[in-house]
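Shared between the two complexes below is chain A, which has chain B as its partner in the first and chain C in the second.
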Partner chain A sequence: MQAIEVHQLRKNFRIQQSRGGLKGALQDLFAREYREVAAVNDISFTIPQGEICGYIGENGAGKSTTIKMLTGILVPTSGDIRVNGYVPYLEREKFVNGIGVVFGQRSQLWWDIGVIESFQLLRKVYGVSESDFRKRLDELVERLELQELLSRPVRKLSLGQRMRCELVAALLHNPSIVFLDEPTIGLDIVVKSEIREFLKELNRTQGTTILLTTHDLQDIEALCSRVIMLDAGSIIYDGGLDELKSRWGSGRAVRFQFGKAVTAAELTAWTGGLPVTWTQESELVATALIPVDTAVSDLFSRVLGAAEVTDVQISETSTDEIVRQIYSSGSAEKPGAGGILHV
Partner chain B sequence: MSSLYLDFIRIRFLTMLAYRVNYYSGILVYTLNIGVYYFTWQAIYGGKEQLAGFTAAQMTTYVAVSWMARAFYFNNLDREIATEIRDGTIAIQFIRPYNYLLVKMMQGFGEGLFRFTMFMIPGMIIAIILFPVQLPTSPVSWIGFLVMLFFSFLINTQLNILVGLMAFFIENNDGLMRMKRVVVDLFSGLLIPISFFPGWLVSIMNFLPFQAITYLPGSVFTGRVQGTGILEVLGIQVLWFVILLVPMIIVWRAARVRLFVQGG
Partner chain C sequence: MRIAYYVGLIWEYFTNYMKTRLTYRADFWVEVISDLLFQATNLIFIFVVFAHTETLGGFTEAEVVFVYGYFMVPYGLYSCFINLWNFGDRYIVKGEMDRILTRPAHSLFQIFLENLDPPSLIGSAIGLIIMIWSGGQLGLDMQWWFIPVMILMVIGSTLIYAGIYIILTSVSFYSDSPTGIIPLMVNIQTYGRYPITIYNRVIQIVLTWVLPFAFVGIYPAALFLQRQEMLTMAWLTPVMGLVFFTASLLLWNTGVKRYRGAGS
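What follows is the complex of A and B.
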């Protein structure tokens, strides 16, 4: 069964246009001008049960708007959504029992009361039985090491402590789908990796479906088998992370340090016939970019046979780099054949 | 599920209790207000027996009980709701399987309970000591008044929720909230009893919910309305409570579709 099914989903927002100048301001008083902006533009995807899917895109790409439609907060302008078999905004009160949501930027705990009181209240909100609640809470508290935080008021928690409590709050009713909107924002590296480990384990042991948005691609690399990339309200990539890397990764960069000066002409002559692009930093340092399907050993045998090499470094394009390129080009279609050059 | 809503009452009550010191000054301010109006009305009466159906003694009682009733029914739910809408925390309310308006109502009631026990009762005792307030002698008036006081709270809270929800439709409803506060204080009969208004205004007031907040329960407390008359004025309150549910539901439904979470 599919956990999430989205078909031709769209959300338009009406943005008020202010006209400039005094005259414009007066006109605005009586007749406002609005502009329709599609925050989410006819997107479709399905997520099967038990998958961890990363939902990425630049600020304002429409990630949060999608999450808010999937969780029943926003009513879509058009299109179909089914999450857990429900249409979220229609059967909201029944539907939200089966999902857990964490907004990295908003707290769902009650500011003025203790952490454990917040959890108790949530137990009642979701109608969880006392014994289930105890069992689940003990597990989560142990796993996330919250023992000494339980009696503190929420407002006295640090961000890392609060975020771990937010996770517990979202999971107390044992939801089958969890939505995480930037769960690691602003956290230090230790808490981040704790949370990643925790989510991975949750997915493995309970089969929980997880959809998360993030700007930290390490979250994606650590957790997700699949990524959906959004740009300006449209999906520009939907598939495996590995596939994204191999499709977009511009191969490897091999940086050579030579014992004596070489010229650009020499470099190209050595690798004639191989799809290699050279960039020269100085007379003694040059970098060769080779596509994924070319063996590094071929390059080595040519260069090492012809020149005196003192040092070699091989680096692969990082996911960050790949995503940065896609964001800046606004499309996940790989540009024309032949290695592109970037230093 | 019902124990959930009781919990919201309990938690709000306890939270208010933690900040109770803030309300000690409130008791002083309300007593001061009663004093100001007491002396003003004394001057207006200037020895006259009766004005607009109020005897001077009834007026003193009316002023005291009206202000102290306000100490109970007043709350800031309008501001709370507007803030939650404006800063986007309303989103959190939508991911929970409960009725937001009911939760707000319960929180308001938790605050009301606190105000009743820690603010209205002590304030009333001080007012009785300082001013010649005449307490009702018949138990029917007492019961009638207390039931009506509860409906004052309900109707005032409904108006607050309605005005708060307007933040969904107008970006800044501060002006609206301020206007509502002035309108409620004036038209509920807190500042001037409704019977002092010119005839045409009185007949308009009869078709508005505001008099049900202060004027009607005040009239029962002062003994101007007695016996079966109490049921009649209580009926008006119940009617308004039911009528006001309609716009609340309509506005809430419309807001769901319009909802636009601020700050992404």
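What follows is the complex of A and C.
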């Protein structure tokens, strides 16, 4: 069964056009001009149960607007949504029992009361039985090491501590789908990787479907088998992360340092038959560029067998770099490839 | 089942309110005392007026004080449970409505719960005391039906308050910026606690049918004072309460669908 089905989903916002100056402000007082802006522009996708899907895009690309429609906060302008078998905004109160939501920028917890009291309050709001609650809380608290934090008021927690509590708060009622809007924003590396590990485990052991938006591509690399990339309200890529890399990545660069001087002719001779391009920095240093589908080991066996190598460095086009390229070109169409990629 | 759930939630939020509030004890008492001082000045105003005249719109001093006492009861309940003061700022501009909408209880109800103000209930209690005291001065005999009718009327009046303010608050969903209409309303609501007969015809109609604040003071109180001329109006209190409250819920439920969220 599909956890999330979205078809031709669109959200328009009416934006007031302010005219400049005092005269403009006075005009605005009587007759306002509005402009319709499509924050989300007829997008379609489905996410099967148990998948971790990354939802990425620049600021203002429409990620949060989509998440808010999927969680029942916003009503779409047009299009169909089904999440967990519900149309979110129609049966909101029943629907939200089956989802968990974490907004990195906004707290779900009550500021002044202890963490455990916030959890108790949420237990009541979601109507979770005391025994289920205990069991679930014990698991989560142990997993995320929150024992000492439980009695502290939320306002006295650090951001990392708070975020771990937010995760617990979103999972107490055992939702089958979890939406995370920038869950790792502002966190240090240790907490980030803890949260990633936790989410991965949650997905593996409970089969929880996870949809997360993030600007940190390491979140995506660590968690997601699938990526949906959004630009200006439209989907520009939907598919596997590996596929994205191989389409866009320009291959790998292997930098060799030699013990003895080598010539350009020698270099090309060693790797004859392999699709390798050499660039020589000096007599002792040269870099080989190989495409993604060529194994580095082939290159190694040729070069190491023929020359005296003192050092090797391999570097890959990073996802960050790929995504930056795509953002700046505004589409995931590699020159030569046609249309939006659906893999 | 659903009612038990909501009553349970009221209790949970109430105990949490107490826990946080009692840690700032001084603050708690300052709020209670300033509330009471505010009510006291209103009462003193009534006494000052009656130092110059015998009756006001056909009502004696003790009767007007009785009406004021009645007014305090639903007002206290309304202030405790239906606190929409900061709605526009907190829930629309700052976008806290997002959080409300991801939880499985009615959105308006959650907002009421998050803004409970139990100290206001002290005002209701004092209102009751004023009613009993001025009723004694008027020689009103306690009748068996006073208590059930009082409960019915107070519920009706509170629903009218709720209805009017929910309608006004729902406007936040339709207009871009918070409107300045609420302070005006706070001013008008005080008109309802004086005998409506002192106002001109237009204001009477407004206070009865448009912004029915006469139903949170003078009309229902007149029932206990046995003023025959307002009897029908008094019995209309629960009806008006239901009508306004239902209308306001409909408006709210439609308004929520227009919520646009804040930020990205």
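Simple rule for what comes next: the second predicted complex is superposed on the first by the 275 of 343 C-alpha atoms of A that agree within 3 Å, B and C clash if a C-alpha of one lies under 4 Å from a C-alpha of the other, contacts with A are read in each partner's own complex, and residues count from 1 in each chain.
Going forward, a contact is a pair of C-beta atoms (placed from the backbone, for glycine too) under 8 Å apart; a residue touches a chain by one contact, two chains touch by 3 or more.
All values derive from a computational prediction rather than experimental measurement.
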| Put the two structures on top of each other at chain A: do chain B and chain C fit, or clash? | clash
| Given the touch rule stated above, what does A:Val292 touch, chain B (first), chain C (second), both, or neither? | neither
| Contacts of A:Ile185 with chain B and chain C, given as first, second, both or neither | neither
| Touching A:Gly60, do we find chain B (first), chain C (second), both, or neither? | both
| query | In the superposed arrangement, does A:Tyr89 touch chain B (first), chain C (second), both or neither? | reply | both
| Which residues form the common part of the chain A surface touched by chain B and by chain C? | 13, 59-60, 64-65, 68, 71-75, 89, 92-94, 96-97, 99, 101, 103, 105-108, 110, 112-113, 117, 120-121, 124-127
| task | Show which residues of chain A lie in contact with chain C when the two form their complex. | result | 13, 16, 59-60, 63-65, 68, 71-75, 89, 92-94, 96-97, 99, 101, 103, 105-108, 110, 112-113, 117, 120-121, 124-127
| List of chain B residues in touch with chain A within their complex | 1, 3-4, 7-8, 11, 14-15, 18, 88-89, 91-92, 94-99, 256-257, 259-261, 263-264
| request: Give every residue of chain C touching chain A within the complex, in rising order. | output: 5, 8-9, 12-13, 16, 19-20, 23, 95-99, 101-106, 110, 176, 257-261, 263-264
| message | With touch defined as at the start, can you tell me which chain A residues reach chain B in the complex? | response | 13, 59-60, 64-65, 68, 71-75, 89, 92-94, 96-97, 99, 101, 103, 105-108, 110, 112-113, 117, 120-121, 124-127
